[in-house]
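Everything below concerns the one structure shown next.
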Amino acid sequence: MRNHNDDSNFVDTAAEAAEGIDDDRRALMGLAAGSLACALFGLPPTAAQAAGGIGVVGAAQAQPAPSAAAIAPWWPSKWGKDDQIGATNLVTPAKILDALKLVKTGKVYEMSHLYESSMPVFGQRGFTLRIPGAPTGGPLGANNVIYHDEFVAGEIGQVGTQLDGLGHIGMAFKGEDKNEMRFYNGFTEAEMSDAYGLKKLGIEHVRPIITPGHLFDLVGVRGRDLNLGEEITIADLEAAMRRQNMAPDAVKPGDCVFLYTGWGSLWNKDNATFVKGEPGLGIPAAKWFIEKQVVLIGADTWGVEVVPNPDSSLAFPVHQELLAKNGIHIHENLDTAALAADSVWTFCYIMLPLLIKGATGSPGRPIALV
Amino acid sequence: MRNHNDDSNFVDTAAEAAEGIDDDRRALMGLAAGSLACALFGLPPTAAQAAGGIGVVGAAQAQPAPSAAAIAPWWPSKWGKDDQIGATNLVTPAKILDALKLVKTGKVYEMSHLYESSMPVFGQRGFTLRIPGAPTGGPLGANNVIYHDEFVAGEIGQVGTQLDGLGHIGMAFKGEDKNEMRFYNGFTEAEMSDAYGLKKLGIEHVRPIITPGHLFDLVGVRGRDLNLGEEITIADLEAAMRRQNMAPDAVKPGDCVFLYTGWGSLWNKDNATFVKGEPGLGIPAAKWFIEKQVVLIGADTWGVEVVPNPDSSLAFPVHQELLAKNGIHIHENLDTAALAADSVWTFCYIMLPLLIKGATGSPGRPIALV
Amino acid sequence: MRNHNDDSNFVDTAAEAAEGIDDDRRALMGLAAGSLACALFGLPPTAAQAAGGIGVVGAAQAQPAPSAAAIAPWWPSKWGKDDQIGATNLVTPAKILDALKLVKTGKVYEMSHLYESSMPVFGQRGFTLRIPGAPTGGPLGANNVIYHDEFVAGEIGQVGTQLDGLGHIGMAFKGEDKNEMRFYNGFTEAEMSDAYGLKKLGIEHVRPIITPGHLFDLVGVRGRDLNLGEEITIADLEAAMRRQNMAPDAVKPGDCVFLYTGWGSLWNKDNATFVKGEPGLGIPAAKWFIEKQVVLIGADTWGVEVVPNPDSSLAFPVHQELLAKNGIHIHENLDTAALAADSVWTFCYIMLPLLIKGATGSPGRPIALV
Amino acid sequence: MRNHNDDSNFVDTAAEAAEGIDDDRRALMGLAAGSLACALFGLPPTAAQAAGGIGVVGAAQAQPAPSAAAIAPWWPSKWGKDDQIGATNLVTPAKILDALKLVKTGKVYEMSHLYESSMPVFGQRGFTLRIPGAPTGGPLGANNVIYHDEFVAGEIGQVGTQLDGLGHIGMAFKGEDKNEMRFYNGFTEAEMSDAYGLKKLGIEHVRPIITPGHLFDLVGVRGRDLNLGEEITIADLEAAMRRQNMAPDAVKPGDCVFLYTGWGSLWNKDNATFVKGEPGLGIPAAKWFIEKQVVLIGADTWGVEVVPNPDSSLAFPVHQELLAKNGIHIHENLDTAALAADSVWTFCYIMLPLLIKGATGSPGRPIALV
């Protein structure tokens, strides 16, 4: 309670409020005080904590401008300076035909979780659904028709099984100047941002994705579920291919690739652990896929890449490599367990991102057809 | 302004508020006073107005219980008393293979409009999108990562290009008693309704829909765009098939059918007219499709069926025939113009409804593959 | 993951979904399986559990119609059959003048908590706030103006410090029949309910509440904070008055009364315990206040009444006594600690409910002026 | 419809989407193409259009950095470099007592409109309310309790009758650099902005406002309702005071002032005209009030200041003068008609902004007590 006593006693609530923000966020993620930067990012604590509170946190506070040598401009894209669709340029009709040729039985593997309020979400994102009325309307007419609607509020392109669009991730080259914040193909925050939807790189630009998909069974490689912070290396990927009898050149330009790490078994069962971090791709393995010109990388984790990164100064560097620098989509919170259980290593992958104008990502119901 | 003067002068705002509700709704749809019932249903005025304000309105006010003879119970379903997926039972792996065989070139026709706040919506439904922050988070880490999210609020399963789930439409048999409000397979409002998501018939039960689709080009039949309130008859459908050189048995059990009426040309161009009513299926034509055991009927209109219905006492009877009585989905606000322009009459239709637990419908990005 | 194998292998997700709902809700409140009914109510477990899972749960499942003898109709109200403002009829200009006479120093005690996403909420209610853009708009004009908005989604009349309106609570007399669900003054669910706002008893009918307020310091009476499930009795209230040197007739018709139980010290510190239950009024103490013709009862708890009720078959009976039967408002999640600390027993209470048409409650910033 | 034909036929939807954004916004406000900048600001067209599409639009496009001479820093504030409450520093207990002394009869004048989805809002702001379920929960317990909640989504601090907080308006000194965007007391966008609530100058810092209020009846001065774009001058304010027999020094430091322009008669009756522009304060009249050290300026318009400004190069300069430079609140969309009708020129004004952490403004139920 704030007492307003006399002039000198009017308590300014600023300090209280500011303190409350920190408390709130720490409480949210169960983070220690030192990891505020991680909490701001809406993400789990990284190796920074293990390293004694330096690393990401210190780096974030300092926000050092990367040197020009370190960060070369990644634009214009190989598809031209106006391109907004990135790697999905490779999803051509011919590619679609290649994918459909993989379907022999018509069996469907669902790769999406249910969207529900109990699912794990990161940071302060949310998902709520309400049914207005019961029923929403009616009875009306001699036929006494009644009907239901649903009202949803939340970060629908960034919760649950979701595809990251090319407008999701960028890099700040010069502090808080929006003209120096860059995304795919060099588009700047100043050009893109709008309170009512991104003006560039919105999810509505993404093509329907129907293309061959390949599963990399890391659980099979390791003989166990992967652990938090466990990096997937090029050697791991190569081992998976050998184990699965995949030809060295099995992954073609325009294909999609998926990881089975076992981390997804925590989904809606132990959400607290699930969001704390994850096993996933390190930068070298990501580059290995980039060289193969994949269109999309998905996993049974919330971020596809290893978190925390082995280099504790880095925050989600693989996201930048894939989305910002190479226009390659990331598909998160997939269910890849049944594919692995059935040894389905290659399939026709179908994901149809919603045409939500200006959105940063999309929910969807990705499937594998065999 | 409400003055609070002395005891007798305290103005109760009830009258004002009640009046305001009516004003609000009438204003919303540009409806005359007599069509309140239509506005309550969140839908355009029906023939009731043409009939002098009786019809739907009067019927709705009286809410006559249909006689037992008139409305025979439609349950249990042919797929058993517990079935929640209706006609999508017919979308089997074999059916999926049939559909894929129709793909020769890999060309994609998009059948979805963009989701945007300017799109026409019915009644008081809404769709809003905001980008929190600019960017939403960062810069963080030595790599200065930044990111965007989006926050969406609205009836996302019932606005824009959307699939009606089996929990969307029902019939009230006994006024306001929820135990006597019935949906597909006889599920009652009392069993189904929950403020946080339908407990039965939620959209998460719907299978991925990959099946042969057939377009009926009514614009071709008429030689012009169809008009508001213009009923599509069995004869029209047969004429379309002849004109398109479709075999009489072209539509097989498990297939989907689509209408091209030309009404969709008003989308986001003349929203006021678009939502006022529409051309569409009458009850006989709907039953003709039901006999063919289709899985889904779609159109370039907001309701697929003719509105107002020629029988002005009825409110959306075709919705009841399809969804409640036969478990057949309705796909609304589709874009079918380009298919018609290219004379694409049969194709592989793919629609992957989102697995939103307890939702009444789903957005999506339906496509036609040829 | 759901596999779609062959016809017989298409897994219907109904069972999974239904099970998921239960899991979700149990997880939400940390409730045992037996207390599903409590969870449905979005509220903490009651004595039902202690009593072996009967009580509320069993009662709710059976939904026995109260006998006519047990539940006499409470309508029409003493203010006439059309009245929608209940006890605030007593907040007359004369009453307002009485309240202002209590102000001697102009000191303000704030009785509201901050509204923030970290605050404890019940069941599946929520509160989210986003700032669209950064800034939301601009720079514009030669003066480079920029601006911020905020976007809020949630049950804003039923989270945080909030006033229950007369449309919030009722009683079902005959199962699921909306014509037999009654609220204040006998208004029925069928008359009131509308998906877009209550048609009767909306919060917009409530008068500004400026009236004498009295604090009952139960912590002072007990010599300690009250415990979960601890009932406040008439004897407790009388003891508080004696201890605070309040005259036996200190509480006049039209006044407000408030409880200090100490339970509020858990606010945003131990939310899990805070929402599990609470100390509060039993039915006899509530009736004692009703006889005094108070306008509003508030407390530093989320429900003002004792939860679980000593009679484990009852769910929130005091809410029904106050709101539905007597038109007396309930003000929840107040901060009454500083008033008690300063021994401020009587004050000018000001609460100005928002005129949100059709809302069930209101946020606000209640204050005590002395 | 977007056709995906062969590689060269894949239509990139970027151009379509970008064009769509413009169309959307123009449609929203009925604006001509030249006034995009106005539409982006979510506000009505200004004199820029009358001036041939230059003015605001051209200025906004050029975004010239104001010269140092023209725009002197307005910080630190007279209440110190850390102050976040601005002019409400003047609302002391003594001031509150002064205000209460004005109350003679206890009569309440309500100054708030109803919050409802039909009310006029600016740009793309919104307000929606849904009642989840019917009822939301229950029946539960032997007492068969039932209850209703409401779910609200929208810019609740910036729609309807609303108070602008000090975090609402600022000025960009150097294009898109957030370190050079300044608000009250010099706080920068970089310091303040957060996707989940302002970190500085949130509405939770504002004190309860109980202070003498003075109405300026411009309709009385003019003998008619004021017109769109009609500036209120110092001479007008002085004429109002003379006409109302107010002493020249009637407005004291810490008081609030209100305008009655007649524009509010359009509220919810002709929303399209209401939001197109408005009569209101010019810069000189605003400075006249600033010199008098008022705490808040309100009006029966959506922006208090004249729109468009007579200097067509300026966008909302009075907002900057009041909020950013002087920490004086603005109260918009008030109902001041009944006060004027009863010649109530001075009164006790009570406005209790909600303690929403990080919000930019607040709804409320302001009242005038006499």
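A, B, C and D are the chain letters, set down in written order, and residue numbers restart from 1 in every chain.
To be clear about the criterion, contacts are C-beta pairs under 8 Å (C-beta built on N, C-alpha and C of every residue); 3 or more make two chains touch, one makes a residue touch a chain.
The structure presented is a predicted model; accordingly, all values stated were derived computationally and were not measured.
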Other chains in touch with both chain A and chain B: C, D
Pair sharing more residue contacts (C-beta pairs) when C-D is set against B-C: C-D
Chain B and chain C: spacing of chain centres that average the CA atoms, whole Å: 38
Centre-to-centre distance between chain C and chain A (centres being mean Cα positions), rounded to whole Å: 39
Intercentroid distance (Cα basis), chain D paired with chain C, Å: 31
Two or more partner chains touched - positions in chain A: 4-6, 13, 17, 20, 40, 92-94, 105, 107-108, 110, 114, 116-117, 124, 128, 130-135, 137, 149, 151, 153-154, 175, 178, 189, 193-197, 204, 207-208, 355, 357-358
Chain D residues touching chain B - in the complex, by the definition given at the top: 1-6, 9, 17, 20, 23-24, 27-28, 105, 107-111, 114, 116-118, 124, 126, 128, 132-134, 136-137, 149, 153-154, 193-196, 268, 335, 337-339, 342
Chain D contact footprint on chain A (complex, rising order): 4-7, 10, 12-14, 17-18, 20-21, 40, 82-85, 89, 92-94, 124, 128, 130-135, 151, 153, 175-179, 189-190, 194-197, 199-200, 202, 204-205, 207-208, 355, 357-358
Residues on chain C engaged by chain D in the complex (per definition of touch): 37-38, 40-42, 56, 59-60, 63-66, 92-97, 100, 103, 105-108, 110, 112-117, 123, 125, 129-131, 134-135, 137-158, 161, 167-173, 175, 178, 181, 189, 193-198, 204, 207-208, 210, 313-317, 319-320, 350, 352-361, 363-367, 369
